[in-house]
Amino acid sequence: MKRLLITGAGGNLGRIARARLGHLAEILRLSDIAGMGPAGPGEEVIPCDLGDRAAVADLVAGCDGILHLGGVSVERPWDEIQNANITGVYNLYEAARAHGMPRIFFASSNHTIGFYEQDQVLDVTDPMRPDGLYGVSKCFGEGLARLYHDKFGQESALIRIGSCFEKPRDRRMLATWMSPDDFVRLVECVFRVPMLGCPVIWGVSDNDEGWWNTETARLIGWRPQDNAEDFRAEIEAAAPRPAPDAPESRFQGGKFCAEPIHQG
Amino acid sequence: MKRLLITGAGGNLGRIARARLGHLAEILRLSDIAGMGPAGPGEEVIPCDLGDRAAVADLVAGCDGILHLGGVSVERPWDEIQNANITGVYNLYEAARAHGMPRIFFASSNHTIGFYEQDQVLDVTDPMRPDGLYGVSKCFGEGLARLYHDKFGQESALIRIGSCFEKPRDRRMLATWMSPDDFVRLVECVFRVPMLGCPVIWGVSDNDEGWWNTETARLIGWRPQDNAEDFRAEIEAAAPRPAPDAPESRFQGGKFCAEPIHQG
Amino acid sequence: MKRLLITGAGGNLGRIARARLGHLAEILRLSDIAGMGPAGPGEEVIPCDLGDRAAVADLVAGCDGILHLGGVSVERPWDEIQNANITGVYNLYEAARAHGMPRIFFASSNHTIGFYEQDQVLDVTDPMRPDGLYGVSKCFGEGLARLYHDKFGQESALIRIGSCFEKPRDRRMLATWMSPDDFVRLVECVFRVPMLGCPVIWGVSDNDEGWWNTETARLIGWRPQDNAEDFRAEIEAAAPRPAPDAPESRFQGGKFCAEPIHQG
Amino acid sequence: MKRLLITGAGGNLGRIARARLGHLAEILRLSDIAGMGPAGPGEEVIPCDLGDRAAVADLVAGCDGILHLGGVSVERPWDEIQNANITGVYNLYEAARAHGMPRIFFASSNHTIGFYEQDQVLDVTDPMRPDGLYGVSKCFGEGLARLYHDKFGQESALIRIGSCFEKPRDRRMLATWMSPDDFVRLVECVFRVPMLGCPVIWGVSDNDEGWWNTETARLIGWRPQDNAEDFRAEIEAAAPRPAPDAPESRFQGGKFCAEPIHQG
Amino acid sequence: MKRLLITGAGGNLGRIARARLGHLAEILRLSDIAGMGPAGPGEEVIPCDLGDRAAVADLVAGCDGILHLGGVSVERPWDEIQNANITGVYNLYEAARAHGMPRIFFASSNHTIGFYEQDQVLDVTDPMRPDGLYGVSKCFGEGLARLYHDKFGQESALIRIGSCFEKPRDRRMLATWMSPDDFVRLVECVFRVPMLGCPVIWGVSDNDEGWWNTETARLIGWRPQDNAEDFRAEIEAAAPRPAPDAPESRFQGGKFCAEPIHQG
Amino acid sequence: MKRLLITGAGGNLGRIARARLGHLAEILRLSDIAGMGPAGPGEEVIPCDLGDRAAVADLVAGCDGILHLGGVSVERPWDEIQNANITGVYNLYEAARAHGMPRIFFASSNHTIGFYEQDQVLDVTDPMRPDGLYGVSKCFGEGLARLYHDKFGQESALIRIGSCFEKPRDRRMLATWMSPDDFVRLVECVFRVPMLGCPVIWGVSDNDEGWWNTETARLIGWRPQDNAEDFRAEIEAAAPRPAPDAPESRFQGGKFCAEPIHQG
């Protein structure tokens, strides 16, 4: 690719992508609301509010691929979520449509299905059960991406990201963790496979424990290699086991299921 | 019920409900942006923009049931759809939560799955494939309703309405038509069944032709009785058969599949 | 048939069968622990404890068909359930095996799946979720019947009976009711169809409201004709609607789900 | 339609079609190897061996629809089946492709799945289990029709015909019978529906007894109205019940399952 | 855990557990009818007949977890199976309910589905097809465990054990073998995972050959590591291949499918 | 085995089999239309046209196993495909039936399902969608094999071969490649497993990228070990990426989907 746009470049996943995915394109165009620091070699830094239609259009122009990590990624008041994750996603897909339909990696979330219990194995075709406004906004995004695929041929990878950190941080992440290395390989696969279409794929490492049938990862040739199990002793030593009926123990979405509706 | 709120009371479905469902409650509270005329006996008329949070809260207060027919029901520019069908639905569910969680009939749409072809039989659990921004907004609504059920116990009937008019108006409606009589019985069933939960139900008459497995209608005891087939001769005489590869012939969502993204 | 054995002949279903199914065989052999009155023309009356192996063997000898309605049919202390529904069913199938394998109508129950919620549609292949010891005993019976089919070719109809009374008695029975007329036709179908095998069939009338996919009824040519809906007004007038989170409103098994484990 | 081709016009189904479907087109072009008698008004009579490529091409030229009932319809030596049902079907689809792709009603058969037992309910998507060379030839035909749909857009209705006679003739036909009236309505539906695609549909009346989930009939608006049950008494009086392990009692394909491979 | 109860401690699996799972609890409470030898350090030895309700209640009191390996594990006369596997399991679950509901590892069996043929891949949700009275007793146990989960919140792992020995002993075990090492890791996983629920899991090593979709093993983070394939040469050298239509070759339950009903 | 027949011995797969599978039998009987060279030690070389019934009968006589790789394996004119892949397969199964029903490895093909898009994961039970006459001929072969299993007990492995070459040759083969080593192990597994039945198995290596749920490979204990990913750099360097809407990029069957019907 000549130019790859990374939204949310100042966030957790965005910083990983910035540091390690430069080889995917001649230029990385980095965007976030703030906090990205100066551009390095081969980088363009363009602050942008996803809710600003015109700004998003300018941002997307000239890009051959979009790694869409931007927006709100936790439970927040509705107006914030709506601006970034609903208006923002609409703006992004309209911009892509206007500018040659570059392939999009859409960071969806396990919180689209967070209200399933932890003793069930899910397929990507199971009906959604979001665990908060954030999760609902990601259901919206998956629906919009599917529309743009069916109507215009826009390709998107709908990646339901588990928990991507250096290491798993609590017991639930022993099941939901995706290592940064696996994330990097995942992005490479999305932009490499000849035919992408619009598949849904669980963004999770090859953890011993898990709730998701990861069969669709092979559609893009992604084979995760890390395993949260390596951190079990550390995790279990760090904190007592939560009660069995705590949301963290019971639901796939964990604590999100117990979050209130945040007021602005 | 003491008071049943009908949103979209000035629209097509709303007028039917107003005229024929007065027996469901002592008072019908009617709302729309405009165009409802004066209140009759047993009626309250309250104009309201669904995008206005405070107004929606006032509207819902004191109601024991909500027949939510309001919002945009065709393909329109994004801002209109977002205001009424996304912000508006969030406002409605928040208002319901604040006011005793009255049962909600949520008018969803076949346009949540409009991009399936007409030679497939769909279950309510099949993944959504919306055919426009309107359809995506209804996907959002179904997701939000499910969230409020899983998190707070809010009951909703998610009715994927086909085409509700006096008579079917074109060949596609021979499959998608729901008669006003069947609609009236459907609303009665939703507010009568002891346990509702949050089921998805196809809102379609007992047409000879059809694409949807209507098994879930029995969850609420609804058995549609009308049949678009009675109007076939009339329909076929009125207009030539569309080409087999026209969107109207090919996709379940019909012409919506060929609509552009409307610009404001 | 020359001789049809009816177990549980003194019970609710047994009395219906005795009165109305005499045409199925030259002789009805009626059995129960007690309470059957004297034999009429074409009848044999043989009291029997199903837990008594030798007595059951004698009972079955010479019969060409078995309508097994006997045993405990409500939540009771374990020892009672085990004697009649576990030991008793084993005794019955062993007796049938020893005596020419007459076809068996096995009265199973909706309480094998009572813990599913009322907003789900079940197939007969869905995993069982019994709602009490009684329900577990019926799971056992279905398993034993399947074994005798796979191992020895014994034919059984596994009929998951809903609620069979003259009329539905409460709101839940608007979904679960099977009319006596439909029951009579059902028994006729089981003993008439050339090939029975070992199918599971929901024993429920053609009620508007319902939770079960009744497709397998056609395997034996049974088409229920009655509809609990005819009694709705009467039912709704008789008692207030139960709370939405009462077991009767929430679970398919109704009040059984809230029964304790009975102590002897 | 201007001209509808009926192959197999001299056979059982063909005679029904000839007598009762003249209203579908200005001209019925009738074809068979022999035995059709002279052409009546609005008829063309063209004898043809389906295995003769050039003759089939001529036969199809100028037709707007094809009701393909021709070929072998029972178990016969391989060479006969191959000539008419394999070579012949290839010839027919090639001819259709060369001549404007008229819509095709393809008479497939329940013998594509005849080895399933009679206590199972089948969907049209279940894997095929043919019960003889005839059944395998129909599996071939369904595959070829699907290919011509996916590759060229050719529309076909793949109708798995049960047993079409004036009345059911044995006990198995109580489940598999399709009345001539229902057959006539079925053909009308196939040629009337705007979008056909390439669906598989069970060709069976609304019999009380049956083994097939007939949901897909609604794709074309066909609602069978007759019921083999009306003939049960007659059937049961005419012949003793076959043994429970006879192929007629055990398999959906009945006696075909016990046919040998016929030698030429 | 402070105290882990191991039933069936004198049996094959029990001896493995006793020798290798001491680290799971401060005290191992070992129970069997007989044959356990004296208590070692950190052990309590308590002989017990599972059919004795009071004794089982005493046995369970004070335990934080139960590894239920006890009962009959082969085809035996009904009375033996009923006493240990039906009465006994009821006693165990009642005792657990009375004593704080310690988590239960329930040793179920592949003989719950033994009558499926060896060319099918099974999911844990497929309907049960037991291959003997022993298998039926395990169907009962799974049903009872599910009831206690749905009604009381009791957690159980329902482990359908294949064949657990030092090495596979015949050709069928090349598919069904679970190594002692994998068994030990499996028990650890069951008692370690924060949320268990009531899942069904195949108890089988990572054998090349196999018939079961082992996806649910990840629910508890269990990843088997051994492979019966390592023993193929040895097995094949030891005995001739059984005939293809021998039960051992044909059914998943192997020879159990050919066992008679044992008489007492 | 005493004698293993390899058809298509002069072709690509046949040469691999000849060179590396001699240990499976005392004698390899090699057959093709031509091009096999002289017989080596332990070999018999018998040229044969599969369309010649008598010749095929002679060929099969005396063999204990058949590795059926013969016939046409690309898109060719109908008469060629019919002679080798339809007449030829009928001849082969009839010959096997006449000569003790030796187990058959039937080389089916991914072209039976070639018209599915590359963003779908297929099970072996999904309906077939052939991508050409060659694919349809393989659908026929799978159907015929199933018939001979259900009717006569003939065992066959229906192996849907992807692309078997020394190395993958284009981007699509990164998903469909089966290495010669994996092919050799696959044949060993087919002839080694005690109970084969008639399963369908994807013939594909353990590639990172892929579209097929390979669960059924374990039915015969086959665990592929090679991975096309090792050749990605080489493949990507060799040729530019095909357009995203090229058949090679879009359909599982690749270029076959764009092949015309070849004329003789």
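Labels for the chains are A, B, C, D, E and F, by order of writing; each one numbers its residues from 1.
Note that a contact is a pair of C-beta atoms (placed from the backbone, for glycine too) under 8 Å apart; a residue touches a chain by one contact, two chains touch by 3 or more.
Small disclaimer: the values here were computed from a predicted structure and weren't measured.
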item: Neighbouring chains common to subunit A and subunit E, by label; value: F
item: Where subunit B and subunit E overlap in contact partners, by chain label; value: A, C
item: Homomeric contact subunit C-subunit D: same or different residue positions, threshold half; value: different
item: Pair from C-E, C-D or D-F with over half of its contact pairs in common with A-E; value: C-D
item: Centre-of-Cα separation between subunit F and subunit E, whole angstrom; value: 40
item: Euclidean distance of C-alpha centroids - subunit A vs subunit D, Å; value: 51
item: Contacts with 2+ other chains: residues of subunit E; value: none
item: Pairs of chains satisfying the touch condition; value: A-B, A-E, A-F, B-C, B-D, C-D, C-E, D-F, E-F
item: Subunit A partner contacts - residues on subunit F that touch it in the complex; value: 117-121, 171-172, 174-175, 207-211, 213, 229, 241-242, 244-245, 248-250
item: Subunit C - residues contacting subunit D, complex; value: 153, 155, 193-199, 215-216, 218-223
item: Subunit D - residues contacting subunit F, complex; value: 78, 82, 86-87, 90, 94, 97, 112, 115, 125-133, 135-136, 139-140, 143-144, 146-147, 150-151, 257, 261
